[in-house]
């Protein structure tokens, strides 16, 4: 059976070229950078330094501004909690958008417990944060503003350049979660006046286990991991050398090829988007144009999201419901039972919205795969609607009305 | 040139069998376990679940008691800070041994800042914690006791079974940092009454980027990473699936083969230990018998450690000075300039102790490699002493005295 | 072929649900859940001489909700009203070879649906 | 072949240090550092008509300490006393193609050693 993976927003397959760059660090060069006294350690030091420069280059930063972490969640936690602590006494407010990922949102829990005031910025129905609302929310005692670059669930790209300018003028530290965007669309800290930027390797054809936090020179961030003196003191623990090397290699590839990838993805994405129009009562989510290439998201009236995804999977089509993390079946009940917080934020009525569907295409996807999805979808929607009591009621209302 | 790596305590080469277990998770099975709605995600879920059971089996635990982390530092931080927070109000004391790793010791900084009282247990000249001192130190308001299983710098194995019994009777949560021991000597939570145990894959021929924290059922630990609901809520963030799979594979191998490894290492270690006796004014450190197999540590009067290690490296012999993390050249000055805290703890006089040397052998080392080290050392020691003003003074004193 | 987070039994009942539909002039109809919460189940019963002679459902919801509904209809057909009322969510979950912890509420919904439908039947036939 | 954390120049002076030894009846001897801190440097100068005509050292310490000592002796030989006194740690570090940040103190020790030895010379020849 043909299998089509359309869940690249949750993770991407490793580019074989990235794997080749990593391979020696599993075998011949296995040293620990802290053991730099000998050749093995030195090889590791050089590898990590080189990767740091490569990741920095992807976003127009200096090598010394990149701190490697274990992934986006750790980077987001370090950015939010570290910057709040680093801001010092008197700065006890944090401002975030309403569509941030859980690794930003849930990092606010300990801050709230510690007495911080949290302001959540609303978004419009396309999921866009209003720069004017940002301007009004920032105050002298604001320790941090956090707005993501692109939303994984609905694909919307936020105006972080403009928002960053406002933060800069207000003298507020600005964090951008670029997990979903970096490596796919340009993220350049010379153009986006962000002080902190989260990057994740496994989201752009690099390995799991490596993330980074860009810290603009002079930004104050308190560390959250305590131990040896790795990563300039911002992050203790033996570096995951192969993964870090892989992140560097993936950054080089992305920097070089993202334009071509985006073109391919946009073309396939348009085919998918256009094809979906044939399904009645399907509603696209996110901004129609300011969105990640190859990202198509929607919800379907009278169709519950999980059921749709299970049937799709049976047809070999792998898509997801919003953020991977919000759909953790093995997690706490509540997260599962409520509608996606992002859909709530963009004002989708919860009594008819019953699941957000996200198709996130990758550079390896083909037109045939998109065709597979488009062929499968109408039948599945019909089948689920035929089973649905709400659709039955809807039809009866139509008949009466008509 | 023959190269001999004797720094396995800092990190180990990946076992090729572990790599083969990991490989599919870089390519065919690249899913994110949180995207368990589709086949790719499910494959990842199954892989992580299986690895959890494999790691649990290595230490006689249940699968549900294993939380995967990015490494030992994160595990130690989670154990110390999470257990202190989890212990609840009224429990504001933490007891640790004087020879804990930085990732335990430095985790005490935020606790001290938060008003916790820290008691540091002394060790004897072999580096052994006295169980009676533990008994005296534990009180009703003690949130946590942390004693490592084996010391990476001097190789000493602590009586954690006995100490754990005392902690259990006192009702105090007991954390054991088994980073240096797990996979090398038996670590069984049915015999060691520990509530929390830190494990690190790259220390037993597994990959960097995967660690684990054993949490005995019922142990209260507050999470330190906020985001999605991974790892039963103890650790947010997309799992590093290939590394976790590798940790499982390494655990299986270690469980099966550690006896044979230890025999080989003990034999080689004895050759090294015996051969070193030819060097005058060389002092072994750590316990003479209760020590990690293949771990040989010492210091040499009138010889500075780094110089010795640099010359050794030039001869193809890679050894280390104590803990990799304490020798971070790129770290803050102080850490570099003071004698090793562990040597201080075992009472080595700092005016004649000038560097701790650790040879940590691995399963791949050969007798020829040990011979290489033994052939190289005397000449290096002589050469450095010939340059040393303190040795000159010593010789003059000897002449006068004689 | 068990795919997804569910047992093969769940997947079978999800992919090939038994007794989907409506019963015209049913003797009892139960409805539980709410689409805003992600699940809604409507159960139709035909009851004859104290026996559930037919059961049909329409469900809006996740895989577990649909499978629970399907399994429930299979379990109650041919049972007496009292036997049907005695069915618990655990029976449904067990019959499906278990449900993931976070999906237990779907089996609870099935239990509530049959009770609700039987209450409706009792009310209608109270006179 | 630069191995370890140091430049090739440092490694060269570490592996093949110049001017190791003592000068019997030196005109100035300087000693700085302390083995308890990890480094100790002893510098011997032979001075003739205000010129450093010979310099030797014995150093206990890390690679950077030994290399700094070696480089220092090379730099001061043939210099006037005033020129030698003007040498800073930066000169030594630069001559070694740089030192890691945490090893800068080794070059500082070299600067202090030459000042200390020249002070000793000045004291001895004060009369």
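Per-chain numbering from 1; labels A, B, C and D assigned in written order.
In this section, a residue touches a chain if its C-beta (ideal position, glycine included) is under 8 Å from a C-beta of that chain, and two chains touch if they have at least 3 such contacts.
Treat the numbers as computed from the prediction; the structure is a model and nothing was measured.
Each of B-D and B-C has its own count of C-beta contacts, and the greater count is at B-D. Each chain gets a centre from the mean of its Cα atoms; for subunit A and subunit B, those two points are 35 Å apart. In this assembly, the C-alpha centroid of subunit B lies 39 Å from the C-alpha centroid of subunit D. Centre-to-centre separation of subunit C and subunit D, using mean CA positions: 89 Å.
Spacing of subunit B relative to subunit C, judged by their CA centroids, is 55 angstrom. In subunit B, the residues that touch at least two other chains are 36-39, 45, 306, 310, 313, 329-332. In subunit D, the residues that touch at least two other chains are 3-5. Going by the touch rule set out above, the chain pairs that meet are A-B, A-C, A-D, B-C, B-D.
The touching residues of subunit D, counted against subunit A in their complex, run 3-5.
Across the complex, subunit D is touched by residues 302, 304, 306-307, 310-311, 313-314, 329-333, 336-339, 350-352, 354-355, 386-392 of subunit B. Those residues of subunit B whose C-beta lies close enough to touch subunit C in the complex are 36-39, 42, 45.
Within the complex, the subunit D residues that touch subunit B are 3-5, 11, 14-15, 17, 20, 22, 31, 34-42, 58-63, 65-66, 100-103, 105. Within the complex formed with subunit B, the residues of subunit A that make contact are 3, 5, 7, 10-14, 16, 19, 26-27, 30-32, 34-41, 70-74, 76-77, 101-103, 106-107, 109-110, 202, 207-210, 224-230, 233, 236-243, 306, 309-310, 312-313, 318-321, 323-332, 335.
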